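Next come two complexes, and both contain chain A; in the first it sits with chain B, in the second with chain C.
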Partner chain A sequence: MKSISLYVDKDTYLTRMHPFTKLCYILTAVVASLIAGKLWAFAIFIGISLVMLISGKIMKKVFPLIAFSFTILITIFLIHGLFNHENANLMFQLGPLKFYREGMMYALRISCNVLNMLLAFAVFVLTTKPAELVEDLEQAGFSPKIGYVISSVFQIVPQMSGTMNTIMDAQRSRGLETEGNLITRAKSFLPLISPVVMSSLINTRERAIALEIRGFEAGQKKTYLREGKMKTSDRVLCLVMAVVIAGAIVVRIVF
Partner chain B sequence: MKNIFKTKLNTASLVLIPACIGINYLGKLFASVLKLPLWLDSIGTCIGGALGGPIIGAICGAANNLIYGFTTGDSITLVYALTSLGIGLVVGIMARLGKMEKVNGALLTSLAGGLAAVLISTPLNVIFWGGTTGNVWGDAVFAATQAANLPVVLGSFLDEVVVDVPDKIITVLIVFAILKGLPKKLTALYDVNDSVESLD
Partner chain C sequence: MAYIKVENLKYRYPNTTKLALDGLDFEIEKGSFVGIIGENGAGKSTLCQAFNGLVPGFFKGAYGGKVLIEDTEVAKTTVSKLCQKVGLVFQNPFNQLSGAKETVFEEIAFGLQNFGVPKEEMISRVDEVMELLDIAAYRDRNPFDLSGGQMQRVALAGILAMKPEVIVLDEPTSQLDPAGSEEVFAAVDKLAKSGITIIMVEQKLEKLAEYCDKILLLHQGKQIVFDTPEQIFSRADLQSYGVNPPAYTRICQAFGVKKENGCYPASLKDALALKDLFPGEEAFCQEKVLLDNNKDMKNKNGQIEDSLTTDESMELTISCKKNVFDIEHLEFQYLENVPVLQDINFTIDHRPTAIIGQNGAGKTTLVKLLKGLLKPVGGSIYYGESDMAEKTVAMLAGEIGYVFQNPDDQIFKYHVIDEVMFGPQNIGMTKEQAKEKAVAALKLVGLEQLADENPYDLELSERKLVAIASVLAMDTKVLILDEPTIAQDWKGRKIIQKMIRDLSSQGKTVIAILHDMDFVAESFERVIVMAHGKVLADGTKEEVFAQKDILGQARIDQPYLTKLCQQLGYKKLYFSLKD
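Let's turn to the complex of A and B:
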């Protein structure tokens, strides 16, 4: 079964870092660059993320993540380069299409913001095991019920995709057309999705009973197999990032 | 009048949340496998809202985007957690008002859900994407409005209407069809107005 998590199982300093430190980094990268509001601020954080990703040996896994957003970024460049209201200065011309500087700068700013967010998230997503994150959240005082919801998504989704393939094959063998023109494809949506949805909803009842039998509602404090304490290095990094955010506010006010 | 926001936060409701998130994922997957020009990624949120009520619907929606955002690296999804929350809430309220019993009510619900999605998504689109949505049809509309010198917000609003409202109408109609087929022993788990009758 294929997991939906993108976690790459490599023993690097990034995977050993506490998940909260990495969450702190996301917050800093996004908030500080937005507060500072300068293009170089985005560039700095994009640079830091890239260095971390390369040193963590996970750069290869990042490309599919970014590639997905490139189509949207290209439309942004097209639409704003061509039609933005503040367009005044011509930048370059491609046949009949005129690209203006103001629109392109606006699009560049948006793309930097998006790229920055994607890379900062990639650092977190590719190096954190969801189960570990859930455990750390619970140890930090989150309700175990929320923890259950998060970790069971990771069990349910691969299960459902398995059921989906079975049902797709079953319906096709009964003669359901899943290829062809738009109407044919649209018509096959309901016969495909309703059996999976029905069975998974009916399963929830059994799941609920099974959980209750195992004392899910018991209010006892639970103990943990793995103690996920923040190390000194994690604390120092979090402190540094708080300073960076403060610095961004200074940059905003002074410049 | 029964309390619309009354919610049973028992194990059954908690188990419903991951199931709904899984259904959202499946809807999106099927839509891409069949190459449909719609998202269909809020079927689960609507089911959660219709079965568990507005609060569970809202939790389903928000948790859906938060979990996918933090695990599949799709930080764009993360931004739209608010939209999903709104959809779940609105569908839940409409269901509690008894609108999901008949097809007409379901249509009304879908319009309300679509409207909620548009109203919440438009500002988010303008802030994060400068107005585009990433959907071909919607962005064509946006480009046309920008070329006609209309304000960005209006263009983005129309962009969202073209994409979101048909999507939500189809989503809620699918949900309606599915809910009609669910066995009573399951829906009874989420019925807030049940009472225990004693035989003594």
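Let's turn to the complex of A and C:
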């Protein structure tokens, strides 16, 4: 089944790391670099993220993300380099286009910020199973009902798209032309909606029964197949990151 | 004292006027295996849900009487409390999965988690039930990637792991292949012997007769009788309740083979125990009690040709001789390097053809290719003279009709009649023509009185017939049916059987995927056996059902009737009884 989660199934130290530790890392990377407010702080965290992505063997998956963000970043450089209202000192000239130092620095700061967040999130998203995260959250006291909703989305959305394909097949079988130009396709989309919705509703009712008869509402304390406890290494890492944030505050105040 | 006690149980669904259950009164002993039979709409599923409190707890409605399980009164206990005592497995395996777990192992553990079973015990229990139901091989697969039969066993495992004292199964094998359903029955029987009480609704009466201690016959919500299988199946009025006795009982009835207690044997074992009472092969051939179906068909064809003018009959013969489909070196795969079909070669002619085989053998994939919904990865399929690869599905819609396995995938109008008219109108018929065709098609499947209903309000079995009618109305030359007998009771099966005969006598080609071998034997001439993406055998049903080793490889059984006749020592194969 096609999955909609971005998780890459590889057994590395990153996938084994507790999801909370990785969440902690996102928090640290974003907050610490913002608090410190120095470009080198951004550079350090971007560097750390890149090292993690490479050592976690998932760099390949990040390239499309980076490539996509670059299209946006380039526009930011163009707009601010050319038109920022604080522009005063000319940096360089490309034909008739004048790029100014202030605008370029501003754009650089935004870009670092975006890239930093993107890479930190990538570390988390690409190495964490949604189901595992939800389980850990539940064990930390999160409501199992909301947990169920989140993890079922990851199962049910691909199924719905499967149902949609089957229904489309059924309609093609009965002579509805679904292949061809845009108008034909758009026309064939309308009759899809009601069976997809109806069959989801029917399924939902049956699934409600299925959950009921497996004691979802039993109200007992749930147990889990996986211990959600953080390992010592996870605890140490979290502690280190707390220190880093504190350090960032110091940098902010002192420098 | 009886373990389960049902006292004057009455129930009516909200917003209806008719009682779904009307005055049921019976007792079930601990550890017994009880079957529930009756035609569609008899109240079987409702009764199943009354055992674990879904009726009335979940569905509400008007409730009277009592259901006692040990000392617990069902109506006064919550479902989540009862479900540790009473497990329920229902028809559609897909909707029984929690929908939140990524592996089979976790899926089975879901119920245990909810009841706070400690981790070690959880793992050992899940391992145990996986072993019991033979699903350990799928332990790390995504449950939704499994085939229907595998999924159903996962669903059953999820319930079993909770160690209930009673397991209620509502047609658990309707979507499984013969071997798969035999596995479920055997597993369930093992459970019954270990002291778990089993209550099972099932259309496969031969199986119920073999395993059940007692059977409850329902009709329109009323309890007709609660007795041993042989007593029930020996009743002369059984068919008036929409139930056809099992094949073994029918054959014994035909020969007047009775047990000492005056009942007809209901299972193969019982019938064979009375072997001496059956006549010799020659004797019944002369009596013509058993008809060789092949001859019967030939006679029929003969009659048809007689009634036609010579020109028409010539035309019919010519068109019959032509191949409908030519399949050459067909290959197909959904994922790279995971072949689903490998080097398939055969032709399909006018004869009604059944495709049989295990779940996951590639049957549905094959018919989807014939319909053009999938395109071959290698090789080719010719429909008549034209290559299928060059046509869109909609272009072929008027030529090839295809009824999906799950009717809910193809129903989308709010009135049955509109639904049935949709196809004909798409292929260029006027509204009047379409209506005419639609009414005729509904009549053929016996649903003309439901034309103005909303299809979503109908029973699954009726929806399935609506889906069939909606394709029938298109009057295609080829009709492909994917497991048409699912959820059908005896009446529904008779309707489909008659439809197949009618179509084929009109010179149309009917191709069907089936798991019900007796239905295959009674209605089809040609049989194709598939396993692991390959064709194992292809020929007339006489040829195919004689090859026991191939049937074994494909994990298929002979039809019940054929099996009994063979074990009685008869040389020829027999497929159906004269009415």
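We adopt the following convention: the second predicted complex is superposed on the first by the 195 of 255 C-alpha atoms of A that agree within 3 Å, B and C clash if a C-alpha of one lies under 4 Å from a C-alpha of the other, contacts with A are read in each partner's own complex, and residues count from 1 in each chain.
We adopt the following convention: contacts are C-beta pairs under 8 Å (C-beta built on N, C-alpha and C of every residue); 3 or more make two chains touch, one makes a residue touch a chain.
Because the structure is predicted, anything quoted here is derived from the model rather than measured.
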Partner chain(s) touched by A:86 [first = chain B, second = chain C, both, neither]: neither
First (chain B), second (chain C), both or neither touched by A:148: both
Chain B versus chain C as contact partner of A:178, first or second or both or neither: both
First, second, both or neither for A:202, with chain B first and chain C second: both
Touching partner for A:156 - first (chain B), second (chain C), both, neither: both
Chain B versus chain C as contact partner of A:170, first or second or both or neither: second
Of chain C and chain B, partner touching more chain A residues: B
Overlapping contact positions on chain A, where the chain C interface meets the chain B interface: 148, 152, 156, 159, 178, 192, 194, 198, 202-203, 207-208, 211-212, 216-217
Contacting residues of chain A [partner chain C, same complex]: 1, 129, 131, 148, 151-152, 155-156, 158-159, 163, 166-167, 169-180, 191-192, 194-195, 198-199, 202-203, 206-225, 227
List of chain C residues in touch with chain A within their complex: 52, 54, 58, 78-81, 83-84, 87-88, 90, 92, 94-102, 105-106, 109-119, 122-123, 142, 144-145, 158-159, 162, 368, 371, 373, 392-394, 397-398, 401-402, 404, 406, 408-412, 422-423, 426-427, 456, 470-471, 474
Residues on chain A engaged by chain B in the complex (per definition of touch): 4-6, 65, 68-69, 71-72, 75-76, 78-80, 82-85, 106-107, 110, 113-114, 117-118, 120-122, 124-126, 130, 133, 145, 148-150, 152-154, 156-157, 159-161, 164, 168, 178, 182, 185-186, 188-190, 192-194, 196-198, 200-205, 207-208, 211-212, 216-217
In the complex, chain B residues that touch chain A: 10-12, 14-19, 21-23, 25-27, 29-31, 33-37, 40, 43, 47, 63, 67-76, 78, 128-132, 134, 139, 142-143, 146-147, 149, 152, 174, 177-178, 181-183, 185-186, 189
